[in-house]
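Structures given as structure tokens follow.
Below are two complexes that have subunit A in common, paired first with subunit B and then with subunit C.
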Partner chain A sequence: MAKETTPEELVNVDYEAPKKDWTETPVEFREGMYCYGSRPVYLQEVGFPNPREWSPADEDWKLPENWKEIVLTAMEERLSKYRSFRVFMDICVRCGACADKCHFYIGSGDPKNMPVLRAELIRSIYRKYFTIGGKLLGKRAGARELTEDVIKEWWYYFYQCTECRRCSVFCPYGIDQAEITMIGREILNLLGLQTDWIGGPVANCYKKGNHLGLEPHAITSNIEYLLDDIEEITGITIEPSFNRKGAEILFVTPSGDLFGDPGTYTAMGYLMLLHELGLDYTWSTYASEGGNFGFFTSMEMAKRLNYKIYAEAKRLGVKWILGGECGHMWRVLNQYMDTWNGPADFMEEPVSPITGTKFENAKSTKMVHICEFTADLIKHNKLKFDPSRNDHLNVTFHDSCNTARGMGIFDEPRFIIKNVCNNFFEMSSDATREKTFCCGSGSGLNAGENIELRMRGGMPRGHAVKRVQEKYGVNMLANICAIDRAVLPPLMDYWAPGVDVCGTHELLANALVMKGEIKRTQDLRLEDLPGVEDDDDDDDNNEEGGE
Partner chain B sequence: MGIFFSFSVVVALTVIAFAGVWIPGMQYFFGVVIPYLAVLVFLVGVVLKVAKWGRSPVPFRIPTTCGQQQSLPWIKHSKYDNPQTTGQVIIRMVLEVFLFRSLFRNLRTEMNDGRVTYGSDKILWLAGLLFHISFFIVLIRHLRFFIEPVPSFINMIDALDGFVQVGVPHLLLTGVLLVAAGGYLLFRRINNSQVRHISLPADYFPLLLIIGIALSGIIMRYFVKVDIVSVKAFTLGLVSLRPRTPAGIGAIFYIHLFLISALLVYFPFSKLMHMGGVFLSPTRNLANNNREVRHVNPWNYDVKVHSYAAYEDEFREKMKEAGIPVEKE
Partner chain C sequence: MATLDFEGTSYEVDEDGYLIDWQQWNEGLAGAMAKEDGLELGEAHWEVIKFLRDYFEKYQIAPMIKILTKELKKKYGKEKGNTKYLYELYPAGPAKQACRYAGLPKPTGCV
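Right after this comes the complex of A and B.
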């Protein structure tokens, strides 16, 4: 759909809101803007309610008989369990500061994509059933009846929110539509209203340990492919271990990095770095997913999937856990894991075995971000680089929403990139760090059938990259997120053709001068390094390494 | 449109007060009964509401981080946008409550020549801040009617507020600012199509009511002057719980008082509770230190999980074949 709609057409967005009251504008399901409904087997596998064949395009959604009671009871329960939900329902002053901050609103101009209206979709029901004013005054108090159309509207718009929290940065009270969307989706899940693209990975992850459903032997063989490539590029043979008891460190990363380009290059980066350090670490095939699509369904499901990480750390007897580059994975690890499945008192406070640095900020969860780990190594001069190997790249950095606004890891990846690349350029400050824009496909919206939504939501990011492409000739968009690595390439093809996408540790491994490596003539993508002669067998200059 | 409804309600309240006080005996009702009731509803309502919020737990520590986290000692930590300690959280909150820090970030997003652009937009922040500061100072100044002798700090505020020294009595700036800033916020609500689209009667009503209160106050001070000595005798009577029906105070005073009473009654049931809510917002009032200090969810419960044993049972043969160690051979 979006492929047919050109970028020139897509930017015709009108921000003038209609005169008509939004409650009188029924939801219209536009193809390309929503995901397929989940097939029943996915729901059955994890025990989600109301599994059945359905499509959002159907008139009849086959809701359970008592759907209304389910929704109202669920709302009541969550109002009493989450202060966030209750306070956010009560205190919005509709100042509109958040309105034009959402990438989906910017990309679509649909007023119901203003974060404040997205919240009003559920707040209007809250007023009707849980406040005196709403009960007495009805519409005049901004209240409305709960109908099936309201449920459809919730579904449509709660799956047009990537839970990116940009609105929350600008709201004077920090009202976080991501939190409201999460609760809204959780309630929809009670009616069996799940998307196929989220349902599948959740079911896979529950049984097989990862979203892609890679079985143990598939994980090892996928990694072997990567090792072959590494050997070809560097001449070094790497033998990582799997499910090894007694390892010092458990390494967990999103399974996406083991599967598709360019995520696989990042995984090669991890393998090379950890080998070069001689780190005593292991992969796990059971806890083979750092990401957590359960987080896009319900808190309970998220906790059920997340359980494996600590359980595996305990079984293997590791001292601490190292986590790869991923966005929502780190929101979960940083803000939820310890609360759900801790305390992790069977491990030790993380200490880098190479530099001796104590990661004080992770002393309770015992989980360290690989960018924290690597930045510390570089600061202590433990790694040798030849950044000129990245000289053909003009790099910019995309902050992922979750690591930006649910953690605040900004300078670690930048420090790494600046040490391994000579050409780094920032995008405009309106689109980076805490104000960063979503890739448009987060929170499980990275399906194929909603491609127009994704291109629209990614418009602000696309334009920001386009600007640095024009100004500095940027041709590489680095990031620290597996979803980004999967979804930014098509986004760039659409909005800023010619810009490629990579993980931070791919750049690092390209530049990493490893002990005993052959002269590198290829980058991790097996593409020839520009300006390097293939048959030059003089090894000396390998030893120099750059700073 | 919501604004007409809200406007009619404010007008109706004014008319009720204006007409009411001409009815014999109703002066006591409007001057004493209503204000006492209003204060009671306000206090009880606010306390109940805050208690309701306070009683609902905070299962997860979910601050919205707006700056660099504290990690390695040599990386500059953005203390107040991403606080790690309670002290830093307090400063973040002070910045929010007194300076509207988040609103200060406001940008205006536009489409120019097919590109999304972001312009600085501080007017909302400025108008919002002026509106609240003026409201606050006006409130403080009013303490002179409730305390005898008048504390010197109130006289000082009065003097500062009236420093332009025009007119008799001196023009107090905050009253005018309150109307001006409130007027701008109202104008913005009507003029900006996005904000108009999201606005409810409950958004126009408090603005109109507060502007109404301020206007009736201004009229009383500069135009239809009322006998300040009797007003003070009356207000002192109210606070000392020995209320006396005021004699010889003009109808305009009753309008002012009645609108204030309406605001007090309305307050606990409305968005005006943002005054309390801002302090309780979990995305702002918590430290981003989950990985350092464990946060406990009071209703955490056990969930059904897929154990390693079950996993190995399913894949044991495949694991052995791939050379992955297993627990049970």
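Right after this comes the complex of A and C.
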């Protein structure tokens, strides 16, 4: 376990290649590097195949009797359905450009974490069963038999890929490793090979509308507590609406923001901003999850979980949807939702009621990213800030993989941060924007039992932060993703202790000058603002931020 | 499925030792779990566990830390309403350790 392994030890990665060919180097399941197998009830609840008690550590994975047929049929279906999949199987020339671009390879030194080789795990089966060369020449053509050990190897390594797509930026052919991993996981899912950490949120989301399983009264109650804090900090009473028919805008965000710190501070930021604008918007306790762990199991499951967003927009009769800070949520919304569950022609093309700006990019999906919405407000001088409230923070920005490489949101969050903070510092250009390094825990790998994998995968990000910490005294890592907010705190404690983590709208709301507010003496975490005298001498706030 | 044996009964737990069925919980079980971690449950520990149980019954989920600290503060005074205090009681973290002793499942998702 990485908890006992010091960063000084972990950083000594052995990049020496094994003596034998990769096909003769069997996979070794190492504790701390993989997740628990899903308990059967999670699979049953959504109708996934082969629910049973199983552990990846077991010799017998209790696969269905006809598992081989299932795998090959599934591959065949996907090869004919997704032209991209066939192209990615055929086109790789093994140039190696991707090899050292993967955070898991950098952090583990395991050659099977080179994207080229991770893809080869499935490509070798493709050759054997779907190409003439592979059928005739076998091993000499890079083909191999499909065995149970192959399935185990797939499982181990397709859950050591966060679908971050950094490797694809460097691939001269643009091979999308995330799509290969997604298809690999989808096939594994047909055999009942799900992880517990993904299975749980999927079942929760299907039953209760969100990953955490927050029931409607838990959602409203959690928000009530956030509003109490806002009132204490600003003196302003906010009364948001829930499930309100006729609202102009529906707001959807990941449920993590309504439960775990520091996500809760980001949620306070949304509440404060949207109140200050007097926006005609509503929360929903039904479409209560923007994220989509179904996306880490199968396209079909992701589609089913995504359905509620448009359904709720239609039921409430809103004009368009505003979405909070989340990573994979936006990959799903931006690239899949429209084709899966659209066209959302019952809504209107999104227009900011404050600035009149038309969000052309959301013309079809009808869903606008809050950073685009907020950046537009700032550009039109609609908000007043006191950035000095963030003066104790030296901020850097972690581009979340999905919003960066999946939809090109690079400048909006930076524009917001620079307007609300006086001290902003960029990390190396090799670790930001389209070349951003993953948090190491995305795509449902943010469990507890695979902590060594997470610390290894997060090593490049950790080092990039450490560098700006040493150079500029950076002490705050901002981001726009709920998984980031959950997983970067332990990653920072490990690689760059002293650096805290926050959402971008937390910084914004700290600096936001609101109509009728009292003199601010505390930040959103109820910590005293340095250098600000408390006139009332009210000292009964001794809570500390986060767990 | 792993089990935890206590006073002649076998309880189903997950890989991290969280009770599968929160309704099977009893006070003795919490004490036994704590003992295994080398912890003796005092009155202060029970205040937290009791709150977690009551909250779970109403909301079917563990409370967020903010709620836990605020409610403890209201009920038992401000020296008990902060995370530092909770970590002193439960060194492995209130969300993990206290929830496990209280028989609650571990939260999942973007947390």
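FYI, the second predicted complex is superposed on the first by the 534 of 547 C-alpha atoms of A that agree within 3 Å, B and C clash if a C-alpha of one lies under 4 Å from a C-alpha of the other, contacts with A are read in each partner's own complex, and residues count from 1 in each chain.
Convention: a contact is a pair of C-beta atoms (placed from the backbone, for glycine too) under 8 Å apart; a residue touches a chain by one contact, two chains touch by 3 or more.
Bear in mind that the values here come from a model prediction, so they are computed numbers and not experimental data.
When both complexes are overlaid on chain A, the residue A:Y472 reaches neither subunit B nor subunit C.
When the two structures are aligned on the shared chain, A:P172 is found in touch with subunit B, with no touch to subunit C. Shared-chain residue A:N446: touches subunit C; no touch with subunit B. Look at A:H217: by the touch rule set out above, it reaches both subunit B and subunit C. Contact with subunit B, but none with subunit C, is seen for A:A99 once the two complexes are overlaid on the shared chain.
Of the two partner chains, neither subunit B nor subunit C is touched by A:F29. In the superposition on chain A, A:I483 contacts subunit C only, with no contact to subunit B.
A count of residues in subunit A touched by subunit B and by subunit C gives the higher number to B. Shared interface residues of subunit A, touching subunit B in one complex and subunit C in the other, are 215, 217, 221.
Remark: subunit B residues 5, 49, 52-53, 56-62, 64-72, 74-76, 78, 81-82, 84, 96, 100, 102-103, 105-111, 114-116, 118, 124, 128, 192-203, 269-271, 273-274, 277-278, 280-284, 288-297, 299-300, 303-308, 311-312, 314-315, 318-319, 321-325 touch subunit A in the complex.
Contact residues of subunit A toward subunit B in the complex are 8, 11, 13, 15-18, 22, 47, 79-88, 90-97, 99-101, 106, 111, 114, 116-117, 120, 131-133, 140-142, 165, 168-176, 179, 206-209, 215-217, 220-221, 242-245, 285-286, 300, 303-304, 307-308, 311-312, 315, 333-336, 338-340, 342-343, 357, 359-365, 367, 369, 372, 375-376, 379, 404-412, 415, 428, 430-431, 433-435, 459-460, 463, 466-467.
By the touch criterion given at the top, residues 36, 39, 53, 55, 196-197, 200-201, 204, 210-215, 217-218, 221-222, 225-226, 228-229, 254-261, 263-264, 291, 293, 326, 446, 448-449, 482-483, 485-486, 540, 542-547 of subunit A touch subunit C in their complex.
Remark: subunit C residues 1, 14-16, 58-61, 64-67, 69-70, 78, 81-84, 93-95, 106-111 touch subunit A in the complex.
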